[in-house]
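Per-chain numbering from 1; labels A, B and C assigned in written order.
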Amino acid sequence: MTFEYAPAPESRSVVDIAPSYGLFIDGEFTDAADGRVFKTVSPSTEEVLSEVARAGEADVDRAVAAARRAFASWSALPGSERAKYLFRIARIVQERSRELAVLETLDNGKPIKETRDTDLPLVAAHFFYYAGWADKLEHAGFGSSPKPLGVAAQVIPWNFPLLMLAWKIAPALATGNTVVLKPAETTPLSALFFADVCRQAGLPKGVVNILPGYGETGAALVAHPDVNKVAFTGSTGVGKEIARTVAGTRKKLTLELGGKGANIVFDDAPVDQAVEGIVSGIFFNQGQVCCAGSRLLVQESVHDEVLDALKRRISTLRLGDPLDKNTDIGAINSAEQLARITSLADQGEAEGAERWTAPCELPSSGYWFAPTVFSGVTQAHTVARDEIFGPVLSVLTFRTPDEAVAKANNTAYGLSAGIWTDKGSRILAVANKLRAGVVWSNTFNKFDPTSPFGGYKESGYGREGGRHGLEAYLDV
Amino acid sequence: MAPIVPDAPAAGRPRWPTGVGNGIGSRHSPLPFSYTRRYARVVTMSTTPHVPAAHALTDVTGSDASLRRFLHGLPGVDAVGLEARAAALGTRSIKTTSKAYALDLAISMVDLTTLEGADTPGKVRALGAKAVHPDPTDRTAPATAAVCVYPDMVAVAKEAVAGSGVKVASVATAFPAGRASMAVKLADVREAVDAGADEVDMVIDRGAFLSGRYLKVFEEITAVKQACGDAARLKVIFETGELSTYDNIRRASWLAMLAGADFIKTSTGKVAVNATPANTLLMLQAVRDFRDRTGVQIGVKPAGGIRTAKDAVKFLVLVGETAGTDWLDPHWFRFGASSLLNDLLMQRQKLATGRYSGPDYVTVD
Amino acid sequence: MSERLSVFKTYKLYVGGKFPRSESGRVYEVTGSKDENWLANAPLSSRKDARDAVVAARKAFGGWSGATAYNRGQVLYRVAEMLEGRRSQFTREVADAEGLSKAKAAALVDLTVDRWVWYAGWTDKIAQIAGGANPVAGPFFNLSTPEPTGVVAVLAPQESSLLGLVSVLAPVIATGNTAVVVASERSPLPALSLGEVLATSDVPGGVVNVLSGRTAEIAPTLASHMDVNAVDLTGADPALATELEIAAADNLKRVLRPRTGEDFAATPGTERLTAFLETKTVWHTTGSLGASGSSY
């Protein structure tokens, strides 16, 4: 007998998913004006979880109008009162975190380990953090009486559905704005459950409105003439479209877009921890992370040693049922995303990079992609330049710190980077030269509500989190 | 959906027959991963007189300077990352059949220990009886790996476990402080071995280690190893709580392995901080890397502070996912503990009966 | 005795620390604000001039952004000193350009000098205002630091030929960016003269590049240039500003939109400093002292 882990599934019974959901406008669930709906499925099984109303332009009008009506009284509330609503939300999220974690895992496909230990704790922490800012805005360094902008149009992605919602809604509400938020079409459920959290918290009607839908809904929302603020997290391509849409208006825009993060491993790195960081950097959330460390830059003298250790470690990753508490790698979020990952990986192989795939069996239904490493990659390979947004690592080498920095910066993106070395001065020197908004030294993929997050260059502009995150929602 | 089998590459590894782990191994590394590249400069195939093992790293122990260069050239340890990894593995959910397996495995890995000034033959005999039949109500419960006592109690312990297969381990070398002359330490070891100890748990001279006299520590270990002869396997205790840094624990691990330790062991149980998931994880990485490098497999023994079955199972997860399943065997992994055994037994009873057990249903010895 | 015949000044661009003519060889007539009398010819910059200016600005970015904040402060203060010495020249140019009395123009020049001094003092303070340590919930030291965005294309205000120009330019370079400035189309002469001040003030060549000409002709090249990181649209009219903002999206330039009725005489806030800063947040592992006995 060997030490095989018996199945340890988290119970599904803690969450009660209704067969259908409406839009959440002005404090009520409502059908779409044109009656359209779409289905949301569990990526790990392709089982239909629910049928969700699909917002159209008329619904966008209704929601923006509701948010506009709510804005006058919400922004006029004393900050201390707004704070208490946000504290309530934070507490309710904590109380319901198990339910929300299971829901998120079902709808997104990511392992319960991550929703339980990362997503949900960070969601609650984010509301808790910004709740405290609501009555202290005059101390935030944006003038003695900073004003909210008005109605915020927010469009979020599917990789961290509830966490991205928290990143958007918490600072918006703390600063006195009202919100119309569109969750991604593959992961609408946690946002709709959040609507229920808002009702439990007694949040005034219209302060938060949720409009599930596809890209066209998001486009209508950001183009709506009565929104004052647009916040988007998603692909760089869509981000550019939004930037063009709001050109010439007074709408304030912040964008959190793609990345091609470099994880730089020097020859004096703490190897075991570096390997963990590389794994977390590219396989956390199946690599569907904008700040993923998708390019491993390893010093040539330790390339073989690091790569061998990395492959050994990757071979211990457990891929399978996302609800199993021992699962490390869950499902890819959608068939569409799986096709994109597959095609880019095939291209990497066609361009001559050496492909290695973790020895694991993929389930027969659902969307799955085994952890994959490309070695012998150069800056010219597509897998080193394009954001794959999947569990695919490209390994490149460098000889000197200067070369590492040059290669790390040689990208249109500038979101994240990692540095692994035991030499303190090298950390600081290299961090200084990297053109990236978040740099992790001897760690990777760490997040905190107090820590500003956002990119340089085509990774977008504006920061979410921390004191900096308030600026996006204030008239400064 | 089939999960990836933990540590899949281990399937191709040679299994190390029991009793051959003391420094005689193949000269080539069986796995691609190795420190050879990093340390190619200092590695040659020559041997020096005081090195018992004939593996490829012998030359690094030729002088204080080369030993120091080697130990300080080992990869550093980032404390935050190490502790985070240990904590993450601690969240593994071990249920039903795997829990039953883990509990029995853990019981079979216990070095049931009494190291009190108040120890008496009666106490040691009771301990021996418990080691042989941990659960008087359930004879299917496995025996522990060993009982661990002071040298003067070895003979009593041998008698108590005679014929059971349970080993007798003895602490030695002026345990726990290790502050005695070499002659006294060796006499301590010989007394234990002569009394029939199957295993000797020595402490290193932390003072020498912390002041950088690595060769002194190395030579003490080789001398003790020699005193153990073929009769006893040698466990080398670092007292990790006194070494204070993770880098030191990694260096001490390699130092002891180079000197011929059969086991590396965290602690005496006599200081404030003893075995932790993080320092044990680090030592598991060390034995894994050492085998990859030399072909020689070394055991690991966390000791002190592991009191609950839940904790013990977490350690087994660390073993399986770090060193690999080859180490999931009492020959290669031990728990130095006393109260742990009763909690393992209570959890075992719970699994068997579905009821939670209580302290009155396990024996107090 | 006849009056002495004056020596006219040939106004030239300021690019990469040098004073070239437009590569196109073109000039246009610059006239006074009130009487429409001819003041001078100014270079009519081409798209290629704009491109050359971007290359110069990019080349200068590493050195300027890598200089110590103290050093940048010294250099900018030196600009104020040089400008002070040329007060009468700038007073005349501003009076001609904006149709002001000598006294009013002199007051604007004084304000301009003071504005340089104000921003010179900001170079080594902005990081303390815009950055700081973040108390993350874990064993990490987490620090946010502002860094310059890169190459910034600045469309100087059309009306305020010197004070407005300096009010938009100084904050861009104070934080370590480099700039390509498109001078006021109608009143470019103070801007072109400012190039001469910068050239003699220890400002490294390429940190500021001054172009004159048709804003609507030069600006689209800058707004769509993939090696420009940000645009300040202050000098663009609403229609042009919209067109440029759309072009700027091609590489997601940071865009500072024009504000109506901006009063450059008022004490500025920090908005123009922070508009062209990126926030870099670095996480460092710390370990926890002694908690587990072995934690370094």
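Everything that follows uses one rule, which is that a contact is a pair of C-beta atoms (placed from the backbone, for glycine too) under 8 Å apart; a residue touches a chain by one contact, two chains touch by 3 or more.
Keep in mind the model is a prediction, meaning the values are calculated, not measured.
Q: Which chain pair is joined by more contacting C-beta pairs, A-B or B-C?
A: Most contacts of the two pairs: A-B.
Q: Most central chain by CA mean?
A: That would be chain A.
Q: Measuring between mean CA coordinates, which chain is farthest from subunit A?
A: B
Q: Subunit A to subunit C: how many Å between their CA centres?
A: The answer is 36 Å.
Q: Counting only Cα atoms for the centres, state how far subunit B is from subunit C in Å.
A: Distance between chain centres, rounded to whole Å: 67 Å.
Q: Let me have the rounded angstrom distance from the C-alpha centre of subunit A over to the C-alpha centre of subunit B, please.
A: Centre-to-centre distance between subunit A and subunit B: 43 Å.
Q: Could you tell me which residues belong to subunit C and also touch two or more other chains?
A: Expected reply: 138, 140, 285.
Q: What residues in subunit B touch two or more of the other chains?
A: Those would be 78, 80-81.
Q: Send over the residues of subunit A in touch with two or more other chains.
A: 442-443, in rising order.
Q: Under the touch definition given earlier, write down the residues of subunit C that touch subunit A in their complex.
A: It is residues 129-130, 132, 134-138, 140, 142, 144, 149, 229, 238, 241-242, 245-246, 248-252, 254, 257, 269, 271, 278-285 of subunit C that touch subunit A.
Q: Would you tell me which residues of subunit C are touching subunit B in their complex?
A: Checking each residue of subunit C against subunit B gives 138-140, 285-288, 292-296.
Q: Which residues of subunit A touch subunit B in their complex?
A: Checking each residue of subunit A against subunit B gives 1-8, 113, 117, 268-273, 276-277, 301-302, 304-305, 308-309, 311-312, 315-321, 324-327, 358-363, 422, 442-443.
Q: Could you list, by residue number, the parts of subunit B that touch subunit A in their complex?
A: Answer in residue numbers: 1-9, 31-35, 37-38, 75-78, 80-82, 84-85, 91-99, 101-102, 105, 282, 285, 316, 320-321, 325, 328.
Q: Inside the complex, what are the residues of subunit B that reach subunit C?
A: Residues 78-81, 83, 240-241, 243-249, 272-273, 276, 278-279 of subunit B touch subunit C in their complex.
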